Every structure is written in structure tokens, then in C-alpha cells.
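Chain naming follows the written order as A, B, C, D and E, and within any one chain the residues start at number 1.
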Amino acid sequence: MRQETVLEATGLSKRFTHKGRTEPVLNDVSFQVGQNEIISILGKSGCGKSTLLHLLGGFERPDEGTVRINGQPVTGPSRNCIMLFQHYGLLPWRTVLGNVELGLENERLPASERKERAMRYLRKVGLEDKAGAFPRQLSGGMQQRVALARALAVQPKLLLMDEPFAAVDTFTRYQLQDELLRIQREERTTIILVTHDIDEAVYLSDRVLLMGANPGTIRTELAVPAAKPRDRGHEDFLHVRRTVLERFELTRAAPAPEFSI
Amino acid sequence: MRQETVLEATGLSKRFTHKGRTEPVLNDVSFQVGQNEIISILGKSGCGKSTLLHLLGGFERPDEGTVRINGQPVTGPSRNCIMLFQHYGLLPWRTVLGNVELGLENERLPASERKERAMRYLRKVGLEDKAGAFPRQLSGGMQQRVALARALAVQPKLLLMDEPFAAVDTFTRYQLQDELLRIQREERTTIILVTHDIDEAVYLSDRVLLMGANPGTIRTELAVPAAKPRDRGHEDFLHVRRTVLERFELTRAAPAPEFSI
Amino acid sequence: MRPLSKTAATAFALLLLVAAWQAVVQIGHYDRSLLPSPLHVAQGIVELARSGVLFEDLQVSLLRFAAGYFSASVCAILLGLTLGRIRPLWTLVDPIVQVLRPVSPIAWSPFIVLWFGIGNAPAIVIIFLAAFFPVLLSTVKAVRSVDATYLKVAQNFELPPLRLLTRIVFPSAFPQIAHGLHLAIGTSWIFLVSGEMVGSQSGLGFLIVDSRNVLRLDLVMAGIVLIGVFGLLLDRTVGLLERWVGRQWGMEK
Amino acid sequence: MRPLSKTAATAFALLLLVAAWQAVVQIGHYDRSLLPSPLHVAQGIVELARSGVLFEDLQVSLLRFAAGYFSASVCAILLGLTLGRIRPLWTLVDPIVQVLRPVSPIAWSPFIVLWFGIGNAPAIVIIFLAAFFPVLLSTVKAVRSVDATYLKVAQNFELPPLRLLTRIVFPSAFPQIAHGLHLAIGTSWIFLVSGEMVGSQSGLGFLIVDSRNVLRLDLVMAGIVLIGVFGLLLDRTVGLLERWVGRQWGMEK
Amino acid sequence: ACGSRSSDSSAEDKPVIKIGYLPITHAGPLYIEEETKGGDYDGFRLQLIKFGSWPDLMDALNAGKIDGASVLMELAMRAKEQGIDLKAVALGHKDGNVVVVANDIGKVQDLKGKSFAIPSAFSTHNILLYQMLKKAGMAYGDVKAVELAPAEMPAALASGRIAGYVVAEPFGAKSVVIHKGKVLYQSQDLWDDSVDCGLVLRGDLIRKQPEAVQAFVAAYAEAGQKAETKDAEVKQNFKKYMNLNDDELNLSLQWIKYDDLKIGKEPYEQLRSYLKEMGLSDNPPAYEDFVDPSFMDKVK
């Protein structure tokens, strides 16, 4: 029914040992992501979202379970599957162009071709004219765009994004979300993003995975039927949003337990 | 028509000189805040929100214009008007109790009474049992509550909050917003808060001041008629929300200019 | 188990060092009086320990060091707090410090004798000087990098100036000051030898200088070993303190 | 205008220092040969400059210093990059460094003479040692505190190990390494005097030691002044470099 | 200022003899020897190397980085005892040490309980202190002997930190010239023909280059004779090495003799017995083992 499966996580568990105490952080997480999908993982702080993303990207090994990308088990980080970090992970001593070229230096490309390819992706995120600037000279939103261009330049099968827009203000965030949708449409990249922002999850994704904590599990999966591009004020959007709020008991109907953070 | 005026800002302007270039950051900002009101100042990153709050609190002097609190011109920071900083400004080497007592050490209070008063406010924010803990042992949400207790303990006329909930996740943010409303009802404090989160502004405030940038000015004032406590899913709420989105051109109706951050 | 394995690693490392030393002695065929072997030096240490000289020297050196180091720390921290808060004053004092700092205690010693005499005083003064400048510099730097938010909070609660210094500036700068104290213990311990060259009749530095005078290089090496080992111990102790401060101040988790 | 006023402040500060010195001389009624006045020392400097000795000494000292300092920096950075990346290795090497570091060059000098002879070599070796340890320690610290995100990015783009070191670890650690280089220039310049005691026949350190031996304390003081002033200049130069690196790397705005 | 700075590097086959010294009056003959013919003699070339302290000099000598030195005889004997192959071939000077005390010290007994500086326990100066106390009927422990760098002694005396000192020249003359101290004894009053500094060479040099050594020692003895004239030229040459003012130089030259630099068996045995008596050495090298008088003997 769904398109070809890009990522398949089965029975992922992860424990951390801290000061001699072993605590389960993730327990039996399984899900699949199809070609060209955008999936959001939504959950409270500390529920294990980043840990899950690190397992998917191969940055850490699960204690149990496996991750497969295009059927191949993941044993370490690879260029197939690029992670975008919350604070962008741009190298401050390189120019914007140098940053985008980073991922291409590995390939046997002549310098001119490498530069051209990097410029193509910079153009795509609208930062052509900033190629010579250093990251510190850019606003947070621009930096996130550079990181996106750098990731796309190696043409990965899968993009992992860890709270990609949490550090920019609401207005910029809205713009970046729109851009991400446009670029994803053009590049047909598969994206898994982690967020604690309900609106973001609903606005961007085809499916939302709601995570519970202690240990982290996927509690519910919610498909978002509305067609993209969506209208943040539209009734369909608001309906899904309300469903999520209710799932997390955040509407007036059932008052939030007061001191449970 | 309105209750007694607590704060009165008239014709505030502020310029910063950076590398020999003088740039206006605020231009002719005027507004009034009444007793027991909650006012949000909403604007994009870098539009001068923090600068405005610093002028109101007396941390910086305006180049033009005056700030009056209860009719008295503000010449410097004072206990009348406490600022809550984005990263809470808790002293990491003091316990939670020690932090709350900080503002009380100036008063001629016996130690026992001081402690009692601090504990009263800790109880109010639900952190009685954390009195002996250090800030680093608390989650972000708890830390913000400690900062709130510390501010309230000196019983200021006015509370200034700079993006108070920007650093916590959405779920915690919702809870903290509810708590802030409850406490404000009990203490009858006047609050001015700065935010870039549209939902937050609409959910909390009696009036929203929309700021424009370059230089920062107040473009519109928007009263939020809905009674508190509000329902984030309710039609009244969504209506105001939509109005704000439209003002900032963030709904689909008028597509956002793509690369203007 | 962690600290145990760390001690084991340290012991193993020192063993390696001794082995390397033995190898140099054997390969180079050095005369015993030019480069003593670890065994000879061990014998030297035993000889010193037996005669009681070792313990006495150690004690007197540690006392002198403590006197110089602690008085330097206190002075440097108090001065640093003041200078760090008053920016124009520091602009003036900074060049003076930078001119005085790079001058070796050996160069100063004729003047130190003139003002402080011989015996304990010059050793203490030289260690004082060696510890004073690094602590002063790091205190000033620490004070000047105190988070502006804390200062604003203090202003907001109307703390009077002295209380601002004791309750906000000092504790807030303390982790970095502690780091400075840690660095300074290493750099000032080096100057024990220079310090105890000026008319001292006891101490580890004197032991080295004196043994050099009488061409007992095995005892010079014994002195080096003792200075090295006690330097390591001092460093580790202050390092622990620094880590504790760091944890207490919430710098690390 | 800023740098100008800073130079003015420096000049004023040094003037203050000279005034304080003159005051001490006058109040203490010290004999000229025990504590020379600024004027006498100025005469001494002029005398040295006239005879050409000053320039020669300065040149030879700066050359020796440069040789010791740069070779130490290169070695320490290369070694530090390696040790910082391989944690168990550093656990072993750290105690060795901490034992060797606090030993004064004066104590080492019999062995330095044995291995390196007299003349230029011991001076360079001693400056090497004095610069090596601080740079090594700060490089290791810098490498170990490289932002984990950068390493993950590098893994993600499958950078090979050597390229990881040159393209990610080194540039990322560089601002902190530059700070270490800045610190080390001060601490190693101090050892110029110790270094030039061992059979050197020229240099600022030799000037001081030699003048001390013939009781020309005015020339000793002249040497101190020169060492101080050049220490200040070296410090300021490397400080500028450090600031430039900081700006380039986006550490400050 | 110093001759050794600008030793021309015209390389020949002649052996270069590197001799270490400290800038003291006691090394006088070496200065004259190097100044004569610029140190370029038939059969060898002399290169003087200045050191800052005795230990630095001994390090270089023991490690074979210099071929010989004008050094305290006691230190050289000590090195020999430790197994370093050294031979003493001549004296540096005769007499020339003075006991300098603060102006308020009238007699030896006044020193009781006070600090008194010597350069090193292994020195003629320590023996002189011992002799002086013994003659005055006091025990060695009656004064506090402190080891101090010679350069620090005048300052320590002037500021009252020590009551007196005995050390190589010109440090004694220094205090006298600035009126911060006075001469209590000259060395010959305490120990006639005292052995102090000696010209010491490494054994391997003597074995490999006996002719060069002979030429060197001959020139040395001649330089001693010339130094003994203490004329204007000699003083001029001394000042190239010591950077002293005239008063200090004249005074310290008054006290010293350079004419007969042979190491006699008698005074040497005296030194040995003092070393044993003071407990400084159990087994100082015998005259036959350590002193090689043959070179001086061949000088007419």
C-alpha cells in the first residue's frame, strides 16, 4: 500500500548507565518510513527523542533491535543518512561555501565541479550571495539553511532532523518550515524529524509518532490527511492539532496535572 | 476607563553604536500598562524587544523619552520592578532556597522570617520539596519557577519577563503558562512579557503589542477579549491567533516572502 | 573501581618512566657520577630517609611553599577582584604586571636578598611571586567574564557594592579562579629550587642545589624525583579541589 | 583612537613604575651599587647600546627563544593532537608529564649539559621544556573538548581519520591552542635567564648573570628592564594573534 | 667586553683548548694568557668560556664539554673522588682571600651566634672560616655558616643579614670599597700558602695532546708572571673579563699573588688533612693521583 520502505526500525531498546544505575531510555521502538515521507517524532523533553535519532543515524548502537536503511542494517554513521543537529553543527572556521563542500571533499570530484554542486544547493536554499560569509555572520535561520544545503549536497536517502527549528523565533520558523516543504518536494528526500512543537509536527508531516517517556516508547501513530501546503488557520489543520493536544491532555477539558514536570 | 496606571512609557528611543556606526534600535515607543494587566510584546528576533524591556527595568537609559512606574521616573533597576531573564539568572552556587532568599537579604528581616517568606513563595510555585536542591539538579521548567518565586518574594509592583518559556519544550511551556496565570490571579502582579511565540502571547495576555523592526516600534495594539482561563482549542482563541498570523502575513492567504529573514 | 584503575595507570606510567631512564643509562654507558641509575637514586633516597634529612627537607619545603602560595593566592584574589571590577585601573596595572611577570626570580635575587634577607624569606617571596601573577591574571579574567545576567539580578535586588562583590562576583568567578589556582600550583612549585638557592640551609630545593655543589648527582636526581612526585601530588590534590568546585558550581553534570 | 589611548595608558603605567622605583631608592637611601636608580640603569642601557652589546645580546636571545619556543610549539601541538584523541594513551602520559613538569630547569642542568653541551643548545632546550608542557597540556585539553557535534558531522560525512584530524579536530581546537601558545610565551620567556646561565657567552640572560657576578647591579637591572619590556612586547604580539584567531573563529563578535 | 665573544673562527689543525672560568680575580692568569697573542699560540689555541656559578662550570667540566677550568681545588678533588678523570696542573693564584665583616665586628668573638656566608661547604673559604674560629678558640658551630651565591654577599652584608663572609675576589673588595665592611683577616694570616683555585684539566686531554698541554701550561705560567706585575696593562686586560671599577680591582689585586703557581705537595697535603678534619671528605685523592706537577716542572 505504502511506497517502498526506506527505513525500518524493529524492537529498538537502549539503556544508559549513569553513576552505576542502569536506566532504560528506549524500549521496543518499531516503525517504518516510506520513500518520500516526512515523519515527525513528537514527545516531551527527555523522553528519548534524540537518543532514538542517534540510533537511526548509526551514531549509537541499540542494545536490542535493528535499524535497516534500504534493507541494509545500519552499523555506523554514513552518507546515506545525514543528521541535522539542533545547533546546526556548522564549522565556524569555514565559509558558508566551505561548509557545504565539506561532505563533497570525500568524493573524487574536481574542485570546480565540487564548488558548482555546492553552489547549486546554496542557491536552492536562497543563500547564493552568502557563499563567502562565515556562519557567525548569519542569523540562526540562515545557518539552519546552510546546514540543510550541506546535508542535501551529498544527496542522502534519508534526512534526520533533531528539533531543527527550536532555536529560531516563531516567524523565522514558519518560513523555514515552508522552505523545507518546498525543497523536499523538489528533492524527494525522505525526512524524519524530532520535535516537541505540536504545530510543527502537524504542519510538516505525513505521519506523527507520539512518544511517551520512562522508558521512551511510541504510544500512538497519527496520520495527517490534510494536503500540503497546509494553512495554519485552516479547520483540517486545527482538527489534527486538537487531537494531539487531547492526547497529551493539554486542552482545558481535562486540566493538566499541576506540578508534574 | 482602565485601572490605575502602573507603568507609563513615553517616546522611548534608543540607539546603539557598533564599530562607529550608530543604528537606531527603538524609535518613539509609547504605551501604558494598568494595574493587574498582563501585556505581551510580540515581535521577530532582533526587533528590539529585549532592549525595550531593559529600558523599562532601568538596566539601560533611553536616548529619548521616559519610563515612569507609579508616576516615578525610572533611573535604574529597583525592587519595584523585577526582571526574569531568559536563562533564569539563578545563582548556580546557591540552593533553591538560597536563590529565593537573595532578594530578601537586603531587608531587615530576621533569618527565620526570611526563610519562612521564601518557603511561602516556593510553596506557591510547587517547589517546597526542592528547597535544598541546586539549580542544576532541576529541569528547565523548575528553574523558571524558582526564578518566578524569587521575583515574587520581594513583592514587586511589576514583573518583566524576557521570553520566559522559550527554552522549555512545548508541553512544559503550556503547564508553566497555566501556572503563571494562576499565580498572577493570586498575587495580582502586573506583568509585561516579551515573546516571539504567537500562541503564548494570545494565551496569556490582556493586550498584545505587535512590534515592527528597523527601528523597533509598536505597530499595533491588539486587545484579547476572551476570558481567562482560555482554551487553546477554542474558537475565540483561534480567532485572535488568526488575526495575529494575518498581521504578520503568515497564513497561506498571502504567502510569506521567501528569503527575507 | 575508577579511581583505583587511575592509580594503577599512574603507577604503571611512572614505572615506564623509570624503565626508560634505566634504558638511557644502560645504552649511553654513562658514568654513575654523570647520570645515576634509578637504583642508585633509590639508594640515595633511602640514605636521605634514614638520616632523617629527607623528611626534614620535605617538611620545610612544603611549609615554605604553603606560606608563599597561600599568601600569594589571598593577595592576588583580593587584588584581582578589585582590579577586575574597575576597568580603567586594570588598563593601567596590566602593563606593569606584564613587565614584571617575565622576569626570572634568579634575576631578582640580589634585590630580594637586600629587602628580605636570606633563609626562609627569599624562598617564600620567590614562590609568592611565581604564584601571584598567574592567580592575579586569572582572577581578573574571571571577574571580567562574570555573567552579566548575575550582575543585573544583583542590581535588580539592589545589593550594595560590597555584598555584590562577596555574594555575586566572587562566587561566580570562583570556578575560574580555582582553575587559576590549579595552574599556579604547578608553575610556582617549579620555583622552589630557585627560591631555596638564596641562603636556605634546608628544603628540597636546597637539597638539589647543595648536592649539585658537592657533585652528588644521585642526590640531585633524588631531589628531582621528590619534587616531581610531590608536584604531581599537589597538582592532583588541587585538581580534585577544582573538580569539586566545578561540580558544586554546576559547571559539569 | 582606541589603540592610541591604550598605548598612552601603557606608557603612563610604565612611567608610574619607574617613579615608584625612584621613590624606593630615595626613601631607602640604598647605595648605588646595591640598588641602582632608574637614571643609573638608563645610563647602563645607553652604555650597553653604545658598545653594541645590547643589540647583540638581544638578537641572540630572541633567536634562541624563537628556536626553543617554535620547536616546542610544533612538537607539543602534534603530540597533543595525538594524545588528545587517544584517551587511554593520555591516561598513561599525563602522570609522566605532571611529574616532569614541576622540575626546575636549574635542577635539570647537569643532565642538560651532559646531553646537549654548552652554549646555545642548553638555552634552547630549557626554553623548549618551559614552553612544551603548557602547550601540550592546553592542546590535549583543547582536543578533548572539541564539540562532539563536529565529530559527529565528520563521521556522518565519512571523513577518513587523518582528514578528521586536519580538517575538524585541529581547526576546532585551534582557538584554545592559541590561548595555550599565548600563556606559554610568558612562562617560557622567564626561563631565558636560567637557560643562558649554562655556558652561554651572550644574550640577555647571560648579561644578567654575568653582571650579577661582577656586581654591576645597574646592568642586572638593565637586563631586567629589557627582559620585562620584551616580555611585554612578546605577550602583546601573541595576544593580538590570539584575538585575531578568536575573531576569525567566531568566538567573539 | 669579553675576549671569548669574538674568537675568530679561522679553523686550523691546532687543537683548541677550552677552559672554563668564573669572572673572579683568581682566574687572572687565564685572562692574561688569552689576551696575549689573542690566545693563538704555537701548538694550541686557547678559548675561555665564562660560567655563572661553580656548579654550572663543574657540570660542563665533568661532562667533558670543556677541557679544563680554573676552579676551586676542593670541587675538583670532589669530582676526582667521584670518578671523574681530572688532573690539577697548576694553581690559580696564591693567597688573595679575605674575611670581610660588618663594620661593627671588632674581633672574631663578636661573630658568635651570627650568620656568616661562605660560597659552598666544599671550598677553601669554608676551611678559612674553620681556621679562623679555631684560632679564636671557638667551635665551628658557634657561627651560623650559610651558603650563599657570592654575588649576593655584599648586599646581604650591607643590609645586615649576615655579619661577614669569606669568598673569592673581588666580592670582598666590593664591600670594603663601598664602606659596608672591613677586612678582618687575610687568608695568609689564617693559613699560609693556602690552596684555593687550581688549573684543572681533563685526563683525556693530557693523554691525547701532551704537547699542546705543555705549551698551554708554559704560557699559563708566563701569564702568571706577567699578571704579578699588576701594571696598567694587566689591569686593563682584567677589566675586559670582569667589568670592575678601578678601586675594587686595585684593592683585590693588593691581596693576591700570581708568581709561583706550582702545586706543592706540602700545602696540598695540608688541604687534604683539613678536608678530613672537617668531615667534608673521607678519602680525598692523594697528591700522586690527582696532581700532575710535571708540566709546571718543565717550565723554566
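Rule of thumb we're sticking to: a contact is a pair of C-beta atoms (placed from the backbone, for glycine too) under 8 Å apart; a residue touches a chain by one contact, two chains touch by 3 or more.
These figures come from a predicted structure and were not determined experimentally.
**Student:** With a step meaning a move to a chain it touches, how many steps does the shortest path from chain A to chain E take?
**Tutor:** Steps on the shortest route: 2.
**Student:** What's the overlap between the neighbours of chain B and those of chain D?
**Tutor:** A, C
**Student:** More C-beta contacts across D-E or across A-D?
**Tutor:** Comparing D-E with A-D, the pair joined by more C-beta contacts is D-E.
**Student:** Please compute the C-alpha centroid of chain A, do the same for chain C, then give the distance between them in whole Å.
**Tutor:** Using C-alpha averages as centres, the distance is 50 Å.
**Student:** Centroid from C-alpha atoms only, then distance chain C to chain D, rounded to Å. What do you get?
**Tutor:** Chain centroid spacing, chain C to chain D, equals 18 Å.
**Student:** State, to the nearest whole Å, the distance from the C-alpha centre of chain C to the C-alpha centre of chain E.
**Tutor:** Each chain's C-alpha centroid was found; their separation is 38 Å.
**Student:** Taking each chain's centre as its mean C-alpha position, how far apart are chain B and chain E in Å?
**Tutor:** The separation of the two C-alpha centroids amounts to 83 Å.
**Student:** Any chance you could list the residues of chain D touching two or more other chains?
**Tutor:** 34, 110, 114, 197, 209, 212
**Student:** Could you say which residues in chain B touch two or more other chains, in rising order?
**Tutor:** none
**Student:** Where in chain E do residues touch two or more other chains at once?
**Tutor:** 55, 59, 62-63, 151, 155, 158-159
**Student:** For this structure, give each pair of chains that are touching.
**Tutor:** So, checking each combination of chains, I get A-B, A-D, B-C, C-D, C-E, D-E as the touching pairs.
**Student:** For chain B, which residues are in contact with chain A within the complex?
**Tutor:** 44-46, 126, 139-142, 168-172, 174-175, 178-179, 196-199, 229-234, 238, 241-242, 245, 248, 250-253, 255-256, 258-261
**Student:** Where on chain C is chain E touching in the complex?
**Tutor:** Per the touch definition, chain C meets chain E at residues 31-34, 109-111, 113-115, 117-119, 197-199, 201, 209-210, 212-216.
**Student:** Which of the residues in chain E end up touching chain C in this complex?
**Tutor:** 54-55, 58-59, 62-63, 75, 78-79, 82-84, 115, 117, 120-122, 146-149, 151-152, 155-156, 158-159, 161-162
**Student:** Name, in rising order, each residue of chain D that touches chain C in their complex.
**Tutor:** Touching chain C from chain D are residues 6, 9-10, 12-14, 16-17, 30, 34-35, 91-96, 98-104, 106-108, 110-111, 114, 186-187, 189-194, 197, 205, 208-209, 212, 217, 220, 223-224, 227-232, 234-236.
**Student:** Which residues of chain E touch chain D in their complex?
**Tutor:** Touching chain D: residues 1-2, 4-5, 20, 22-24, 49-53, 55-56, 59-60, 62-63, 65-66, 150-151, 154-155, 158-159, 170-171, 174, 178, 180, 242-244, 248 of chain E.
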